[in-house]
Amino acid sequence: MNYLIAIEFLAVIVSAIYGVLLAARKGMDVMGVFAVSFAVAFGGGTLRDLFLDRTPLFWVGNPHYPVIVLGIAVFSGFLVRYIGRIRPLLVFPDALGMALFTLTGTAYAMDAGTGVFVAALLGVITGTFGGVLGDMICNEVPSLFTPSPLNATCSFAGAWVYLGMTHRDFLQPFALVSGIVVIVLFRLAAVRWNWCFPAVREPNPPPSP
Amino acid sequence: MNYLIAIEFLAVIVSAIYGVLLAARKGMDVMGVFAVSFAVAFGGGTLRDLFLDRTPLFWVGNPHYPVIVLGIAVFSGFLVRYIGRIRPLLVFPDALGMALFTLTGTAYAMDAGTGVFVAALLGVITGTFGGVLGDMICNEVPSLFTPSPLNATCSFAGAWVYLGMTHRDFLQPFALVSGIVVIVLFRLAAVRWNWCFPAVREPNPPPSP
Amino acid sequence: MNYLIAIEFLAVIVSAIYGVLLAARKGMDVMGVFAVSFAVAFGGGTLRDLFLDRTPLFWVGNPHYPVIVLGIAVFSGFLVRYIGRIRPLLVFPDALGMALFTLTGTAYAMDAGTGVFVAALLGVITGTFGGVLGDMICNEVPSLFTPSPLNATCSFAGAWVYLGMTHRDFLQPFALVSGIVVIVLFRLAAVRWNWCFPAVREPNPPPSP
């Protein structure tokens, strides 16, 4: 259980930083930056806790989490100045945040007694919903829903790795790390070589109304 | 109670198919199609379960539901090819999905002991929220909120038919079927003859900022 | 506790009127107006109740609330005709609705035993989420997230005034009124003199993809 708390803590920090960069690209003010960071860092886990009826919510029960996210937003001016130069590396925190949150979602769902398929799904929802919410606040079509490098698929694969390894009685920390590594590597490879699924289209779509 | 489970099961399938067609029109990939189908099929019922504090969520407690929706999304390429030709008939599954979900929302709300007006509202929310979410993911203004053929109104009317009939001690299955038939016929008529409410406008709106 | 119920009741009415004016500007029909009023009046409080696991939701437990909002939406034609002329005064109900909901969020969170920072945050979420939802339904970039006169900041300041005063053993009604007055005056001043935070920007953002 302690492993999950450490993973969640890291996921919050990585996601908040990703949120700052998302917001800075839109020229938001510091409150807007905080709102986006907050949504990216807590969106997925909040949905997970609501869906599994876990109380209190993880950021209500760990009140230092939102304080940390506020701190990151307040110093975002410095952060943006520094990180802007290393943007090409940014795909890494994005992938890592998704991986960490996916594993917490899957593991908490299994603890709550759901079926394995639902646990994998809750992992994907926890891992990706923060990013979707951040994109929505920034008024962009969430990249999750457009043909773009595999995203939810990587998250789904890592959730199954974890589920398979715990089913085979591997130790939990080993299964957690394996799931995270699979998601991060799979996602980095998908971005690097632009792996996409083909689009599903109607043969002769009607003209748009 | 068993009637409601059967109705909910049918509602999930009909809504997932509607979601596939919504996503295919946007040329999404198979994961995007799954996300839209999932949102349309489970969005309304999830909100209903959260608002009524029913646990576990209906798709967590019935883990075969998301498996079926995944199956529909995986085979959506075939589905789209086949259903594209019968698009003019599509208004029917749309109306049926809304009708079925509306009745589950109203009936579960009454079971939870809400007032009748709140029960009718929860029916409308359950019946329409999936479609709103699907439209939002596809980045369209939800048709629920634009002047278009009556939609929530049909759902509202059917909820009251059910509430009136159960109040008068009709058998539940009879009241359920009556509510569904009213919603479907009302909605089909509204689309056919383009029944709309007039728009509410300010006499002299200020220029947009 | 009774003070909070009175404040919440007033907040619902003020917010529903604000929602009507938001919807009327977009030329929605009466059902769309109801949906927007409903979202503005109940969005923030619903999120508060879900996050704090309070059951039943405040508009489920007070079934006359949605009836009143429906009444306001039905008579919105008259309302819009009358209020259109006093639009310059409209910033006041907007600020008042935010203030009232902020205080209910903060007070209920403290009752539920959260930390003070989380209580202030829940106040801000309760106070601002209804407006964000209304903007989203109307397909606008929520003004909360764009550089515009201070908004969430006013709400945050008022929440801290309440928390500080109750910590110092002031009577609750006095602390509530002080928080509300601070938010309303702060917000009115921010709009009047156009107080904004500076935008956080990258020095050299990459070209948009």
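Every chain is named by a letter (A, B and C) in the order it is written, and numbering of its residues begins at 1.
As a working rule, a contact is a pair of C-beta atoms (placed from the backbone, for glycine too) under 8 Å apart; a residue touches a chain by one contact, two chains touch by 3 or more.
In this text, all values refer to a predicted model and were calculated from it rather than measured experimentally.
Novice: Connecting every touching chain pair, does the picture come out as line, ring, star, complete or other?
Specialist: Here the contact pattern is complete, since every chain touches every other one.
Novice: Could you say what rotation angle superposes chain B on its sequence twin chain C, using C-alpha positions and rounding to the nearest 5°?
Specialist: 120
Novice: Hey, how far is the Cα centre of chain A from the one of chain C, in Å?
Specialist: Each chain reduced to its C-alpha mean, chain A and chain C end up 29 Å apart.
Novice: So which stretches of chain A touch two or more other chains?
Specialist: Within chain A, the residues that touch at least two other chains are 50.
Novice: Taking the touch rule as given, give the residues of chain C at its contact with chain A in the complex, in rising order.
Specialist: 50-53, 112, 114-115, 117-118, 121, 141-142, 144-147, 150-153, 196-206
Novice: If you look only at chain B, which of its residues touch chain A in the complex?
Specialist: Result: residues 20, 23-25, 27-33, 35-36, 46, 50, 55-57, 59-60, 63, 66-67, 76-77, 80-81, 84, 87, 137-139 of chain B touch chain A.
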